[in-house]
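Lettered A, B, C and D in written order, each chain numbered from 1.
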Amino acid sequence: MNVLLALLFLMQQTPNSLPSDTTEVIEVVRPAPPTDVIAMDTPNDVGGSVSVQWEISEDDGKGLNNVILYNVFRGQSEEGPFDYIGTVGAGRTSYDDQTVEKDKVTYYYILKAQTKEAVESEASNVASGKAAPQWFHHGRWNILILGILFALFFAFYIRMAKGKKLFIRKIAGLDAVEEAVGRSTEMGKPVLFCPGIGYLYDIATIAALTILGRVAKKTAEYETRIIMPNYDPVVMSAAQEIVKQSYTEAGRPDNFNEKDIFYLTQDQFGFAAGVDGIMLREKPGAIFLQGVFYAESLILAETGHSVGAIQIAGTDRVTQLPFFISACDYTLIGEEMFAASSYLSRDPVMLGSIKGSDASKVVIISVILIGAILGILGGLNIGPFGTWFQSLVNWFGRG
Amino acid sequence: MKERKGLIIGSVILLIIFIGMLIKGEPSKSILVWIAALLTLFIYSFLYRDNIFYKFAEHLFVGVSVGYGISVYWQNAFIRKVFDPLFITKTYIVDGQFHLWPLLAIVIPTLMGLLMLSIFTKKQAWLIRIPIAFVVGMSAGISVPSTFQAYIFEHTKNTLYITLSISSFIMIVGVITTLVYFFFSKEHKGLLGKTANIGIWFIMIAFGASFGYTVMARISLLIGRMNFLLYDWLGVIK
Amino acid sequence: MRRQIPLILTFLTGIAIFIAFFIPHKPFNEVQDILLDWAIIIAGFALLLGIHSLLRKHITHIKKKDGGWGYSLILTFFFVGVFTVGIISAIQYKGYSLTPGSLLYFVYDYMVIPLSATMFALLAFFIASAAYRAFRARKLNATLLLIAAVVVMLGRVPIMENAFFNFLSRFSDWFMFIPQMAAKRGILIGVALGAFAMSLRIILGIERTYLQ
Amino acid sequence: MGFWEKVMRLDRRWVFFLIALAVLIPFLKPLRLPISVTKPVKDIFDEVEKVPPEGPPLLIGTDYAPSTAPELDPMLYALLRHCFATKRRVMLVALYPQGAGMAQAGLDNVLPEFPEVKSGMDYVFLGYQPGIGSVILQMGEEIRRVFPTDAYGVSLDSLPMMEYIHNYDDIAFMMDLSGSSVPMLWVMYAGARYEQRIGVGTTAVSAAQYYPFLNTGQFKGMLGGLKGAAEYEKLIKKKGYTEARKVATIGMDAQSIAHLVILFLIIIGNIAFFASKSHRKKTKLTSG
């Protein structure tokens, strides 16, 4: 991904001067120019860009083997004049000219190969092309198709689910919520809910907030204090609303203390230091570490364990899951966390969406299985399976 | 109680080592290094137990980081995205012509931001739901295509790079059984249960392996700090 | 009304971004970037709430002079101090307070970074204590966790130069690339489907806990 | 409570104490655990040995930040010492914003050992320029185009060492130190287009992903993590180039001991677990 970004960045950059002045050329051996240049609108964009493609020079990687760059030139007419617009390295066969000023106007392109000694080849053939914006991103058909298919599953199962009792398998970490809050109450200790260092625009944080709603309802019923330090003030505001509502629903709006859901800091390790301090001083009986966590996961979980709390963790960050698994009593692994709100509410419509998610899983498993069989048959050179396999992989690789 | 005694002795030994090195070595003459070194020790003191030194360092850290964070945020959110385009660069005036949309693009979020402050009023506090609803809707909208792109397609495709080898076989079995473990709507019994069990084995092996793999990176961090304490601060090692 | 407006807004925002993803044409190509900018502006205002929440807590402590009010004083002092430094730097460098050489940059370099590094390095201790406690062969699952961790750890520090350790070192790399990656992919595909389900529930207004 | 039960409920602060000692002791008294030199590291060493003394320089890219410094700094120190001790010239460049600070810190650390080494004569520190890929490409044409001056603002044309150095043709070997994807960009641009010979130094976590590129020869060699740096230090020492403190070797000692301590704790914990379990069973039988 980083490499891609850097590449994109590079494409926007053009050398600020032309490597053309060669004063002491003794013997000029010009490389062969690139051939078969074509220019066309860059697909799937907002316009303002023309893609130029060509066949590499005879002296690029073969022949004299002295080509190191291709310089791209653009003109308003077939005869020129042509202005320099950019450079790409040897071996490459395309260039996106993103500096096109007007869409739907024909521009003309030529290329020249260049050697280390800054000797340029003759110009290639002239190619013409226009830029235009598109109304649909054709590289994203696969996402649209699969997205609609999965969404249909959801719609179907939600419709089927209305008014029915649906099964959902046991998720130990969620069954333990009541036990954890209950034990905390018995010991006369508060409950600590830490939403991690995600923002409200992380889906995992929203999932954590739905869990918070259920936990708060329990603490309201048990009349136990709930403490929640926050990393993102927007999450804090949302959390205050949620907990207030939970307390109102439990019939104890007066027990809600807004000051216990507070902002700490927006610095990863500052937050970890602060939450550690709160754990050591408030000695909570139950700790919920739910949401987005990075390296601080183990710092929090180990400190939480040292104060003797029951800990229920959950995150979608796979790299942190091993640490939660080893340091916490219960851990919601990835998708279990997203299923939590449905699990805890037992609302048929919500459970229907879980069924939809399972149906999507069946589709993906089938794709992998079919792919594996095709791949094996293709690998053994049996029939057309190899090509079928390739097109399957390519379909998933687009966009 | 006995154990406690041992621990206290252990901690004292560590302290004596450090003090010994402080006398023997050539401590740094830079006040900044001294401050950084003391704060480092303050924070590590919490490994023994909560104490005034840790509390001091912790509150200092939170205070500094909030002050720093708000300064940076102030700049990124208010100055660059509201104040500058509204009053300095005036993005809504192009070639002397007034354009409504660029102005709205600054005013609407500012108004929504102001609604965050409705929490301070008693009656209109519900208005805070509007910016929250906006942010949540946005995250849901972004998440749908990007999860497909970054996770489903990417990982399905990479799983499908198949060769005729044991590794490929293990990879396919691992991905499928792990996915089966996340089946929620069927009870994990019979074949499904067995497959899901293999899935949880894979998950456990994976977690163990990445735990073991990470130890080195974490110890490296401590080596880095130790180097700072012994070399930059105490100067006991050359 | 108090419920409908937010729900409609969520629906519209979510759908708008989703549709814009498939349309490269103007003005849809900019929708996501503009809305992300909006979220940053909103977060800027929310930060005022955060500061209010933090300072109210600590100033009450200081006023009441209850246990540990001194620490609240330290926190408030450093907050105000660094914030002032931020404003001075912003004025000095015309809004770009993090320019190298500014006072705020200095605070970052000499306070935020070393303190972060120190907290980060605590993990060396915690990873050891967690390993000691968790890696016991209680049940089959825990045993697998234990074995995988031990094998990979041994492969990382070849203590002796011999064929066994060479093999172990290669084996632990293979372990990370194949079985570890397989489970990771399975979990991530599950996460994606779960997040997709969650997003759909939010956009369609089925999931509304966050709007209580 | 039997002995094993006590071990099972060992206060975790003992674990902290052991880890602290495991990391501290190698600093005070280096153990010199045996380090075997692997091929990728030997390859890097040989490449640097091929750099002609007082000729075309070794180019070092410092593309890392404080978070990966514990692993990458020792590599930078070792490379600088290797070159300075053998009169090989060095050029430093940073394409990562924080990399310039890392390079400067490295120089500050190593230069006092070599009083005769002078900026502009024996080494040149180019500083930082944004735009990773395009900087690499433009350096292939003319270094002065992207770096008209060195990091201290001195014009490159006025530096004696730079007289015959214009682009990759005049650079003997390139070594990129980074925990990010920058080394790949060096390979793609400087390596593929200008046939610059390139080596990489990276963190232990990232090392695994570079193995395929070693096989294809896109990287001539690799230093992976502290271990790679320690092996390099061993090679310099063997040649008798420097007696300086070997940061990575100490670090590797600490790593090995810390890993062994953790493994030991896991084993003890399991013995205690089974011992106390069987003990409990026995007591049950007798009492029942």
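The working rule: contacts are C-beta pairs under 8 Å (C-beta built on N, C-alpha and C of every residue); 3 or more make two chains touch, one makes a residue touch a chain.
Treat the numbers as computed from the prediction; the structure is a model and nothing was measured.
By the touch rule set out at the top, what is the minimum number of steps from subunit A to subunit C?
The fewest touching-chain steps linking subunit A to subunit C number 1.
Going by the touch criterion stated earlier, list every chain that contacts subunit C and also contacts subunit D.
Of all the chains present, those in contact with both subunit C and subunit D are A, B.
Could you tell me which chain lies farthest from subunit A when each chain's centre is the average position of its Cα atoms?
Here the answer is chain D, farthest from subunit A.
For the interfaces A-B and B-D, which has the higher count of C-beta pairs in contact?
Looking at A-B and B-D side by side, A-B shows more C-beta contacts.
Please compute the C-alpha centroid of subunit A, do the same for subunit B, then give the distance between them in whole Å.
Roughly 16 Å separates the two chain centres.
Just give me the whole-number Å value for how far the CA centre of subunit B lies from that of subunit D.
25
Distance from the CA centroid of subunit A to that of subunit D, rounded to the nearest Å?
30
How many Å are there between the centre of subunit B and the centre of subunit C, using C-alpha atoms for each centre?
The computed centroid separation for subunit B versus subunit C comes out at 3 Å.
What are the residue numbers in subunit C that touch two or more other chains?
21-22, 39, 42-43, 46-49, 51, 54, 112, 115, 117, 119-120, 122-125, 127, 129, 131, 133, 135, 145-146, 149-150, 153, 156-157, 176-177, 184, 187-191, 193-196, 198-200, 202, 210-211
Quick check on subunit D: which residues sit in contact with 2+ other chains?
Residues 12, 16, 19-20, 23, 204, 255, 258-259, 262 of subunit D touch two or more partner chains.
Which parts of subunit B, given as residue numbers and ranges, touch two or more other chains?
Subunit B, residues with two or more chain partners: 43, 47, 55, 57-59, 61-62, 64-66, 68-69, 73, 116, 119, 129, 131-132, 135-136, 138-140, 142-145, 148, 152, 156, 159, 172, 175-176, 179, 182, 203, 206-208, 210-211, 213-216, 219, 221-222, 224.
Over in the complex, which subunit A residues touch subunit B? Could you list them?
Contact set of subunit A toward subunit B: 140, 142-143, 146-147, 166-169, 171, 200-203, 206, 234, 237-238, 240-241, 264-267, 269-270, 273-274, 276-277, 280-281, 319, 321-323, 325-326, 333-336, 339, 343, 351, 354-355, 357-358, 361, 364-365, 367-369, 371-372, 375-376, 379-380, 389, 392-393, 396-397, 399.
If you look only at subunit C, which of its residues touch subunit A in the complex?
Residues 21-26, 29, 39, 42-43, 46-51, 53-54, 56-57, 112, 115-116, 119-120, 122-123, 126-127, 129-131, 133-135, 145, 184, 187-191, 193-202, 206-207, 209-212 of subunit C touch subunit A in their complex.
Which residues of subunit D touch subunit C in their complex?
10, 12, 15-16, 18-20, 23, 33-34, 36, 66-67, 204, 208, 211, 227, 252, 255-256, 258-263, 265-266, 269-270, 273-274
Under the touch definition given earlier, write down the residues of subunit A that touch subunit D in their complex.
Residues in contact with subunit D: 2-3, 6-7, 9-10, 13, 15-17, 19, 68-69, 87, 89-91, 116, 118, 302, 306.
Sort out for me which residues of subunit B touch subunit A in the complex.
For this pair, the touching residues of subunit B are 43, 46, 50, 54-55, 57-59, 61-62, 64-66, 68-69, 73, 116, 119, 128-129, 131-132, 135-136, 138-140, 142-145, 148-149, 152-153, 156-157, 159-164, 168, 172, 175-176, 179-180, 182-188, 203, 206-208, 210-211, 214.
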